[in-house]
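Read through the structure below, which is laid out as structure tokens, and then see the notes.
Order of writing sets the labels: A, B, C and D. Residues in every chain begin at 1.
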Amino acid sequence: MIYYLGSFLLIAIGLYAIIIKKNLIKILIGLNLAASGVNLLIVSIGYIKNGTAPIFSKIGINPSAMVDPIPQALTLTAIVIDASELALAVAFVVLLYRHYGTLDIKKIRSLKW
Amino acid sequence: MNMSLELLLATPFIGGLLTYIGGKVHRWVRNIFAVLFSLLTLGEMSLFYNTTFKGDVWGSLFGSKLILQTNPITWLFLLIVTSISLLVIVFSVDDMKHEEDHIVLDSYYMQLLFVEGAMIGIVLAGDLITFFMFWEIMSWTSYFLIVHGGKKSMDAGYKYIIMSIIGAYAMFVAIAMIYSKAHSLVYPDVALVLSQSSPTFTIWIIILLGVGFFVKAAVMPLHTWLPDAHSEAPSPVSPLLSGVLIKMGAYGLFIIFYGLMSANLAKNIMPSIFSTPVLLYIVQWLAALSIVLATFLAIMQEDAKRLLAYSSISQIGYVVLGLATGTSLGVAGGLFHALNHAIFKSLLFLAVGAVIYRTGTRNLSDLGGLVKKMPFTFVALVVGIIALAGVPPLNGFVSKWMIYEALLQKKEVFLLIMAFVGSTGAFLYVYRLVHSIFLGQLSQKHENVKDVPILMQIPMWVLVIATVIYGIFPGLAMDVIVKGMKMFGFAPIAYNLYGFPQGSTMGALKVINIASVLMISFVVAWIFFLLFSKSRKVSQYDNYAAGQVVTPELKYNYSFGFYMSFGRVIKPIFKISIERIYNYWVDAAKIFGDYYMRRVYTGNLETYNSYIVIVVTIAAAAVLLGGKIW
Amino acid sequence: MVNLANPILLIAIPLLFVFLIAFSSAFSKSIAKYLPIFAFGLNVVIAIMIIPDVLKNGLVIATTAGFKPPIAIDMVVDRLSLFLAIIASLLGFVVSIYNVFYIDEEPEEKFYALFTLLVAGVIWMIITGDLFNLFVAFEVTSIAAFGLVGFHRDKGAVEAGFKYLVMGSIGGSFLLVGVIMLYAATGTLNIVDIAQKSAELTFQQKFLAYALIFTGLGIEGALFPLNAWLPDAHPAAPSSVSSILSGIMTTAAIYAIFRITNTIFDYNQIYFFLMFFALLTLIFGEVAAFFQKDIKRMLAYSTIGQTGLFFFAFTLHSTNGLQGAFMQIINHSLSKSMLFLIVGGMIMQVGSRNIDDFAGVGRKMKVSAFFLAVGMFSLMGLPPFFGFWSKLKIIFAALQQTNILMVASVVIILLMSVVEGAYFFKLLQAMFFGKPKQDREIKEASLGMLTAVVVLGLILLFVSFYPTPIIDFTHQAASDLMNKNYINLALKLGGL
Amino acid sequence: MIRKIVYSIFLATIVLALVMFFAAYPFGKNKMTVGEYYLNNGVAQTGASNIVTSVVVDYRGFDTLGEVSVLFGAAAGVAILFFVLAENRRERKNITSPNFVVKVGSRIIFPFILLFGTYIFIHGHLTPGGGFQGGSIIASGFLLLYLAYPGTRVSRKKLSAVEGLAGLTFVLLGLYGLMLPESSFLFNFLPKGQLNALLSAGILPIIYIAIGFKVAAEFAGIVDDMMCEVICRGGEK
């Protein structure tokens, strides 16, 4: 359960940063924290007590002692997606800084209403 | 039979498209097409006149079936629609020449024909959805006609379309409510279901449908669009709007009261006053208020078309008042007045349009003395105002008389007095028209004014003749009306070609006799006038004022603020402007809406992100509370 | 021989072209322009080839990797999703033609690749039968959209793109958590399989997962409190992209909510809960649109309003309501994307997005303005255009549930329609009858751009005057959805 | 302050609800249904000893296609945002030359990084690892090169060709499956080979190699764009 709690906390901290922090970079950090929390959650769901990695490195390993492979596969996908989003987000932040000269989110609101 | 109604309905629409395409070839091709197709529609109408048909056509072209029906009342309204449309199109050919932009004119004629088609559709509709569909088409096509009139007409058109949409959606709710109950919208089915439904339901239906029709018919609290729209629209469009389009509201009222709700009215599910169901009684009062207030407002106008527009509100008040009496005499009077009003109001608008065409102004105080310059237009206008004032032998007389008589028979004296007041007031404002436009001093600007071209004269001629014919032979119209009303379960009224014979419900009336008496007295008065008057004939410029010689530039006859003293008397009534009340609410809603928009879409990403978290939190809280938030 | 009537090709072919664009841009820049046209042209053909199968069986399942559905990912096409896929492909095709004449900013080849990816992602979201795959499709669509929104790289575009990105990422995370919760509960990711296996879960257990999935998809689908990115992002994007975003992307997300709600979370309470979202979306969208001075922003808010309308119809949870929703989706997709294309052409000529500058444009750009009017009338629901039939259906469906709440909702819907009429007529009036302000020479949009507009406009007019096939088809689709044919047929055909 | 407290409470509510949900599915419990199938049949059906790989590339290969597309989209997005006209790309501003150790060290390490990355994605079906991991390791090699020699530029056209080609390989391999009697996208049509041999598992290694190239090219592209943002523009506003 503590593993779950850890990932939940990561998600919560990430969201907290997204809502409360004013700095764009910190918001991105929050986003990534939340995403890591989700990834951790996925992996910990797949865990089975005393399980091994689902790799048949030798013939004759008992498949019933292995952990669920699906969450691992999903995490792999999710990580790449997070990384892609982060790259794009950083690019946006650079451009925002160039246009607005600030990283304060409260000042970046030329589009409203 | 089946084909013919389709044809009648399709002709204006197809004609509209062809006219538009014709405009790409040459402007005369367009004009000829427009006239031709409206003529064709009128021809078809008269060919099928007074035949009965029920059923659906065009299986699935429009998704759901188009259900059409006819009855004599339909033909009465079709007659109004097709003939006035034709005249308007003929009038437009010269009147709209000044517009240089080709595409605007092409679409103008197309929309004229579309409006005509839509109105034919409304009248022919055999179920509520067909009715509603054409109703909406009529709204937006006529909107485009109104905004053709220039800068100011845009605001007028905007007001018109918004109020139309509101009215239409009120109707829409009613129709949907009926549908959810009846699962059919064909008139007989609807009537059947409504006759079995509860009073509350019925009252809601009447109110909702009524709002829709009142907006279009411009009955008093919902009339605010009309004075602007009718006066700002191009001259040929005004007769179409005033003469025909607002009659669709009257037709709708007739259909709901006597086509769909007759059983409910007969059963007296509502308490009644003066043997009128209370809702109808309220409608009567609204109509009567329209008559009086609009008349007063018309008296105070300085703008010829605005004056006529207010007069339209007042006259449609008579139509609605008659329809809402519930007696066969009153209803017949209302329907007859609808026809008559269509004729003489179109005539008046065309005459004023002709004046505007030549002088370029419709401000009464700028005009004057045109009687020698535009004699024919003068005659047309005079015939129109006499008819409007309800003087025999012209057509306004009989229908108004029937409405008075109906009120009298129901002993609704107060309403009767209001109707009388409206009629007397009409004399005041119509006199204003003749006086300010045609009598008095000719403005120097208008020295070279000629009478309008022949194409613009023809429609007026036709309407003048119609005014006289329907005035002298009311039986022509009564024929259709009485036949139609029989189908809706009204007691027949005895009538003959010249009026009403002895023993008819309203007593004997023969227009010719009354007219001849009037004529004779008029002639006698004139003879006396000629014999004993001390006046001498002078030229239009041979005038003086307080010993001072008047230069031609100076306006010496009394034309601005004509009824100023009368205005002072009735002024308190106009302290409360309905329009101002509406504007107040609209502005309040705008401010309110803007205020909240600015607080929701702040542009701040933090706020936006917190929305997401809040939504999730609510869901989470719901789960924690055991899913019991609802 | 290859069976071309395979739903998977609807995704694979655009993706193939995406990579082909990347590959070809190494050699020639101008090829990239034309590749999306081929991609979506092929797509339309394939989608049409699938129609007979779907009509015959009601459902077509395409497997991947040669395994049956719960083992591997599958693509499921039933009447509804096929129809949306056709619309998406068609819009993709038409807008690609438009793009060739519209996009004149570097780096073009990236734009075309992302544009193709965007439409592919939308189709993907529509036809996937796997929940995690839905998340992936969601991300494909989003990431392509982020890049495209920022395409102009000016102040507004960057800000809008960033806002959209942050909100979209949060949404993606929530969506993923929801999916994972369902995986933890059932051990499978296939939608139909989850529906089967989650039957024993309590409503309360499912609800949180549902709320998270709903939030994630709702962000993309422009539901009220979650849609704040939309009015910024849609105007900032190039008009052709806005057309896809407004026309089909939000719709696809809403469709995904439809599908998931209907298949997995089919509870009355949920529909009730959703109705408030729908009505709020409608009110805020339409009212906000009324106050806009920027023409594209106005259209974007109008998209929010339309979304609220068809989402409301969906929450009625009856065959008629669903049918109304589907008809409204068709109406919205065709009209709104056409409007954005037209407005894009007009902005090119006028050089401004301010509504006041559009006075008199309608007289110069006749064809554009005509179709603009048609599109707006259809959105307002004026007869005889298609929007009338869909609005009619929705109102009838709402009033069929005799319930005072429904009457109130109907009143709200119609009031908002009045507001919609108010701002559309304001624009049309200025456009046709206003006096042009500036002395800028305004010409009709280029022929290629007009082609795209006219194609969409003619389709819209055709369905307006001959709606019967669509009414029948949507009725079938709606009753399929109500009868849970999606699950039943998927079980039968997919061999789950 | 109130804002912080309120949102903390909100987040706590969310966490609590999540905890309540996951309490029914405790940590370490076996929740597999489909997963079990993969473990039992994965080796026989795909020939890959790494079941995760068989899931990622074969059973759920379509997800991976999406993942690749997402990465491609991100790279294209970054390229759009940091777009610099080709003629300006050559300009160099604001370059501070790194010190000698970095330069020489990176030269020595770079081939090994490439080799290591290649190893990882080639052995993706046998060992933990695969295209993404290998690809990003290779891209990190390029990053190192950029750091050491800020003036170096990778030809964008070649990168674009590589990523396009790799993506095409993936999709075309998938489409080939449709032409087989099974008519299924991404069908593993090559012989499975012997377990734990390098040449086993049919198309899986080929796809992983393609992914490896693609990821490497895309990350290198992103790195290049970001470097260019600093170098070509010199970080000016």
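What to note about this one:
Simple rule for what comes next: contacts are C-beta pairs under 8 Å (C-beta built on N, C-alpha and C of every residue); 3 or more make two chains touch, one makes a residue touch a chain.
Quick caveat: nothing in here was measured; it's all calculated off a predicted structure.
The two chains most heavily joined by C-beta contacts are C-D.
Computed centre separation for the pair subunit B/subunit C is 44 angstrom, with centres defined by C-alpha atoms. Taking each chain's centre as the mean of its C-alpha atoms, subunit A lies 68 Å from subunit B.
Distance from the subunit A centre to the subunit C centre is 28 Å, each centre being the mean of its Cα atoms.
Distance between subunit A and subunit D, defined via averaged C-alpha coordinates, is recorded as 16 Å. Within subunit A, the positions touching two or more other chains are listed as 11, 15, 18-20, 27, 45, 70, 74, 77, 81, 84-85, 88, 92, 95, 108-111, 113.
Contacts with at least two other chains are made by residues 132, 136, 139, 143, 146-147, 150, 153, 158, 161-163, 166, 170, 177, 184, 189, 208, 231-232, 288, 291 of subunit C. The set of subunit B residues touching two or more other chains comprises 597, 601, 603, 605, 609-610, 613-614, 616, 619-620, 623.
Because contacts link each chain to all the remaining chains, their graph is best described as complete. On the subunit D side of its complex with subunit A, the touching residues are 3-4, 7-8, 11-12, 14-15, 18-19, 22-23, 25-32, 34-35, 38-40, 42-43, 49-52, 54-56, 60, 63-64, 66-67, 70-71, 73-75, 77-78, 81-82, 126-128, 130, 132, 195-196, 222, 225-226, 229, 237.
For subunit C in complex with subunit A, the residues that touch the partner chain are 132, 136, 139, 143, 146-147, 150, 153-156, 158-163, 165-166, 169-170, 172-173, 176-177, 180, 183-184, 189, 231-232, 236, 288, 291. Subunit D contributes residues 17-18, 20-22, 24-25, 31-35, 37-38, 45, 58-63, 65-67, 69-70, 72-74, 76-81, 83, 85, 157-158, 160-161, 163-168, 170-172, 174-175, 177-179, 182-188 to its touches with subunit C in the complex.
Within the complex formed with subunit C, the residues of subunit B that make contact are 60-64, 101, 103-104, 129, 132-134, 136-137, 139-140, 143-144, 147-148, 151, 153-154, 157-158, 161-162, 165-166, 169-170, 172-173, 176-177, 179-180, 590, 593-594, 596-597, 600-601, 603, 605, 607-609, 611-612, 614-616, 619-620, 622-623, 626-627, 630. Of all the residues in subunit B, the ones that touch subunit A in their complex are 597-598, 601-606, 609-610, 613.
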